[in-house]
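Heads up, there are several structures right after this.
In the two assemblies presented below, chain A is common to both, partnered first by chain B and then by chain C.
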Partner chain A sequence: MTKLARELLFPLIAVLAAFIVGGILILLVGDNPLDTYRLLLGAALSWPDGIGYTLFQATPLIFTGLAVLVGFRCGLFNIGAEGQLYIAAFATAWVGITFAGWSSWLLIPLCFAAAILTGAFWGAIPGVLKARFGSHEVINTIMLNFIAVALVSYFTQYHYKVPGDPIMETATIGPGAHIPRFGRFIPNFPERIPLNVAFLLALLCCLLVYLFLWRTKWGYEIRATGSNPSAAEYGGISIRKQIVLAMAVSGGLAGMVAINEVLGYRYRYYDGFSDNYGFTGIAVALLGRNHPVGVILAALLFAVLQHGGIYVDGFSEHVTKDIVQVLQGIIILFVAAESFFKWLVGRVRPVERLRA
Partner chain B sequence: MRDIFTFSLIASTIRLATPLVLAALGGLFSERSGVINIALEGKMLAGAFTAAAVTYAADNELHLGNASPWVGLLGGIVAGLFIAVIYAVSCIKFKADQVVSGAAINILMIGIPGFLSGAFFLSSGSTPQLPKDHLLPQSPVIIAIAVLALVALTWYVLYKTPFGLRLRAVGEKPEAADAAGVSVSKMRYSGVLIAGILAGAGGAYLSIGQSSLFTRNMTAGRGFIALAALIFGKWRPVQTLFACLLFGFTEAVSIQMQGVFKLPSGEDIPVQFIQMVPYVLTIVVLAGFIGSSHPPRALGVPYQKEK
Partner chain C sequence: MLELREITKRFGDVLANDHVNIVVKPGTIHAIVGENGAGKSTAMRIAYGFYTPDSGEILVDGQVRDIRSPHDAIALGIGMVHQHFMLVETMTVAENIVLGAEPGSALELDLKNAAAQIRQLSEEFKLAVNPHEPVEHLSVGQQQRVELLKALYRHARLLILDEPTAVLTPLEVEEFFGILRRMREQGKTVIIITHKLSEVLAISDEVTVMRDGKVVGRVQTKDTNAAELARMMVGREVLLRVEKPEPHAGETALEVRNLSVITSTGAKRVDDISFKVHAGEIVGIAGVEGNGQTELIEALAGLVDPAYITGEMLADGKNLNSLGARVRRELGIAHIPEDRHRRGLLLEFSLAENSILGVHYRPPIAAYAGNIFLDENAIQKRATEIIEGFDVRPRNAALPARALSGGNQQKLIIGREYHVHPKVLLVSQPTRGVDIGAIEFIHRQLVTLRDRGCAILLVSAELEEVTSLSDRLLIIHEGRIAGEVDPKVATLEEIGLLMTRGH
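Right after this comes the complex of A and B.
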């Protein structure tokens, strides 16, 4: 088997196996799995709504998938993308509100910087804690998620909520901070579909992450730290520096979700906007086998499922959109326990040999 | 400040700390055996949903009356155990990454209760309301005694029995334990399965003790707070109990203050800052600012028997 085929085969088997297990669950609650899957997967195919919304939903997942990927490549598990993107989204909205009168030429780059730098800052904290005190980034990123959510909820509620607005959201950002939606360039593509240039930015980031990790000295040092920390240190690489750098880059990528959400979609900070993007990012990176191209494919798959979930809710008798999370969980479980399939193959093979 | 320490606040601290203690002690068994347990959240959700659903069924289909919450508790425990079996097989037999599998379980358990309640109760993620007299006991005295007994039992098992010694040995130096004839995987299975039982019971107390139904994502991060308490308690039973009480207290305060917490000087502390306390304390303790907190040495490392 060539390397590429193997890289593609395991994720495909994991997805297929998850759909089979999910299908059994659907049968158990009394629906026809084929009908459910037709709704779930078919919804994404329609033009312009299906494709538009699916690509829109893939955008944050590409960013968080890349964020988790950069961490993994350094041997770090960033479960904190959720907190990083919340902090970044609030900071981006704050810049967009505070400098609302500025022209796009200044305001958009400033908002981009706010999104990336705030995310990077929040990501660097567990990096520093690990590098300086050796405390585990998994625990710290989980804790920082809760702290981030509480912190932005405080700022929204006490300082930036529009008086009288029953919803926990800030005022809108200045028009100069809006980034264009696809509807402006593509004929017959309505502007109500929130797909915006952040999607192109996400694709660009895939390329940049690839170049950074595999074509620069910094990326090489990060990967060396990830694959064998003691050898890397022996080779003169400062592991501590790589840990902080990788976590900052990871946080910055997670923070870029804010560009899609605040500058391209809602034009304000909306409390609780993230549909578990940070955690789905873990699934995206794992299923994408920690490669930028894999991240794009996995993000598209999960976006298709998420979009289809709405239709399942509306049109199937028993199954709810929760099937999406169920499938996601099973997929990661299978991807994590890759040796399960090897074990399965090992058990099946002797039988085949007997037959031959 | 004077009227903060009222009886009702103490009572609600105990009630809110109970699911945390159960889950954290479960996590203790698992982590002392060397298996990270970020899946506590998912196990609690499984326990909470199943307990509420089973209690409802026992009440309405089997007409068990006052016995139904106990059947429900058993259901919650079985659900926690079931999830723990999946987790244990994936982490111990197939040597999957423990954090990844834990994250998978958590994501799965956000979906499963909604999926099942949609099918069985035609609702969007909650179970039907249970009658007030068909719930687990809520008297702070009774649950305080139960919780203390459980902590004492955990302490005894962990430090005074051969089982506890083996469990701790497997979490610290699996090679040495293996050489001494202890089965590493058997001990780790035990640790993870006990975690499932206790976290399932903790979840059950949330849905059929503290409230009277299951609602979507009702643990709201309590599995992670339990994990935080375990770390804050330095992986020791008695300290973990105190950590759970402290975190239960912050939750009780943030509920009772309804938004604002007044300092004696008259300044307001927004509730969000009180909610942050457990998380900030955990980071501080883990970094070693207040004494040092060392996880079991083999935590998170799958054991590969030498051939």
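Right after this comes the complex of A and C.
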């Protein structure tokens, strides 16, 4: 078996198994699983709305998947992507509102910088805490999620909400901060579909993350730290620096969700916009085996499920879109149970280890 | 007692056992020696029912037996102690021993009776193990005795021991051999798998030598010697004694003044040590493991927080105390660590990626755009030089380091550290778990490096190694230098006393 095939095998088994178990559940509820799946996939892959929305949904998941991946590669579990992207989204909107009159040439780069740097800053905090005091990043990233959400809600509610607006959202950003939607370039692709150039940026980030981790000295140091911190230290690598760097890069990637959301979709900060992107990113990174290409594939799969799920809700007799949650849950369960599968495969065809 | 006849076992493409014949006489200690991968463990695992042979038969007490699982083997009176202990740390000795053969009814565990039995066995063989002690409180040597008790409790008449001394200190080895001799007196039969020749000669009655899956020799221990066994194991003449010219010691390259190292819990591991290492000489540090050697080397390599260090470390007269590991490497201090899995290698990384650890951030490895990117060609070139220069096998730089045998992993590390042309080399246990053939090679390399003017500080638990390689020998005891001897004239007894008593 080639390396690629081996890498793909277990995620594929997980997805397949999820669909089978999900199918049994659909049967129990009283619907035909094949019809349900056809509905789900058909809706998610129709042109232009299905594909447009699916890719739009995949965009934040690629960013957060990459964020979690970079952390994982350094041996860190960043559960704080959710908080990082909230803070970043608010900061991005703030820049877009405050400098509303500026031209695109200045304002868009400034907004990008706001998204990336704020996310990186929020991610670096637990990194510094771990490097300096040894406090665990899992606890601190979770705590910082609450702080981030509370902080941006406060500012939205009391300082940046448009008077009289019943919705928890800020004013709109200047038109110079808008980034183009796909409808602008693709014929017969309506501009109401929010798919925008942030998707291309997400793909570019996959390439950049790959180059960063596997082709630069910094990436080498991050991966060495993740693989064996004692050996990294022996090789003259400062583990503390790598922890802070990896958390900052991770946070920056999570923060880029703001580009899709604020600059390409709602053109404002909208409180509670994230559909658990930060947490789904963990599943995306795991299913994608912590590789940028895997993250793209996993993000697309999760986006298909999420977008298709809406139609399942509307058009099938008994099944609701909760089936999507069930499928996602089972996929994650099976991915996590990889060692169980390996054991199972080992039982069926004993792979005897050679030791003399 | 046990006979393997024409046993053949194949794993995929590898013929692990090729028509192996082994005869073990009752009431003897039988050593099976060979390099890593020679097929010793495979043959014994077949005897213990772990593997079923592709062909051949096993005879116990002269009768052909079908041993399909360890369960069958135990029923026939065969016990095996593995290299890695199989004990539940949180359970007591007695609980561990009865595990899998619990006495009493299904509802009630009768530990009292078992404990009495264990105590009796322990006294019979002078094992000094308390049945009620939790295993996690025991030393490695004691844990090994629990493993022996486990086999004895199941009425084993034949004990197979896989590399039993690998985890023991020299003193524990002596004690352990005493236990084996008592077992032989009581009529038990012992098979010991090892690659340490001195131990074979010290303990066994008969020796079977294996190489490349075949039995290549069968001798009475009293009729053989280390050189002959080594030749059979490796298949060529092996120099067991290091041949080295007189050293040409130059300037002081490394100096330690009143160095003390404490742990985070405040225990003093290195206690006011001072010494010098000159360019072109090998200074050895002998001592029972755990007497501060690890901390000393790690402190010198820059791997200990300076807050835990007092005294001075100087290289070429430059104070090292506040310098990190990277700067020390840049000053020409290389380090071959004692634990290659923990410190020395990134096991998931390829050989190529491992070959650049420590120099990955500077030219020629890091290049382009202000030396940010890794130069793939430079990495391959370096990896190839190391792999070919130090005969690392298999010669495939893309393999993960995990896939290599211990000896080849060690050669990769040594090659990597040599490649920087160090002025000072800190070496810890350079040949631990390494084949005889590779040991000879590593020793030769150390001497060559010395003769090129490198100052070498060598720590080894192998007394023979440290005495034959060193030009000067310091003995460490409880973190202090207990004495300095001339390794050419000092006797092992003299060194041994300094190691254990400290004066």
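Observations, loosely collected:
Keep this in mind: the second predicted complex is superposed on the first by the 345 of 356 C-alpha atoms of A that agree within 3 Å, B and C clash if a C-alpha of one lies under 4 Å from a C-alpha of the other, contacts with A are read in each partner's own complex, and residues count from 1 in each chain.
By definition in this document, contacts are C-beta pairs under 8 Å (C-beta built on N, C-alpha and C of every residue); 3 or more make two chains touch, one makes a residue touch a chain.
As the structure is a prediction and not an experimental result, all values here were calculated from the model.
Partners chain B and chain C, brought together by superposition on chain A, clash. Look at A:F279: by the touch rule set out above, it reaches chain B but stays clear of chain C. Contacts of A:L8 after superposition: neither chain B nor chain C is touched. When the two structures are aligned on the shared chain, A:N228 is found in touch with chain C, with no touch to chain B.
In the overlay built on the shared chain, the residue A:G329 is in contact with chain B alone; chain C does not reach it. Touch criterion met: A:F77 reaches chain B, while chain C stays clear of it. When the two complexes are overlaid, the chain among chain B and chain C that reaches more residues of chain A is B. When both complexes are overlaid on chain A, the residue A:I97 reaches neither chain B nor chain C.
In the superposed pair of complexes, A:G236 makes contact with chain C only, with no contact to chain B. Once the two complexes are laid over each other on the shared chain, residue contacts for A:K217 go to chain C alone; chain B is not touched. Counting contacts as defined above, no chain A residue meets chain B in one complex and chain C in the other. Chain A meets chain B in the complex at residues 25, 29-30, 77, 79, 129, 132-133, 135-136, 138-140, 142-144, 146-147, 150-151, 153-154, 157-158, 276, 279-280, 282-283, 286, 318-330, 332-333, 335-340, 343. Of all residues in chain A, those touching chain C in their complex are 215-218, 220-221, 223-224, 227-228, 230-238, 352, 354-356. Chain C contributes residues 11-12, 14, 16, 34, 36-42, 51, 213, 301-303, 324-329, 335, 337, 342-349, 353, 356-358, 360-361, 365-366, 371-374 to its touches with chain A in the complex.
On the side of chain B, the complex with chain A involves touching residues 36, 38, 86, 90, 94-97, 99-101, 103-116, 118-120, 124-125, 221, 224, 227-228, 231, 270, 272-273, 275-276, 279-280, 282-283, 286-288, 295.
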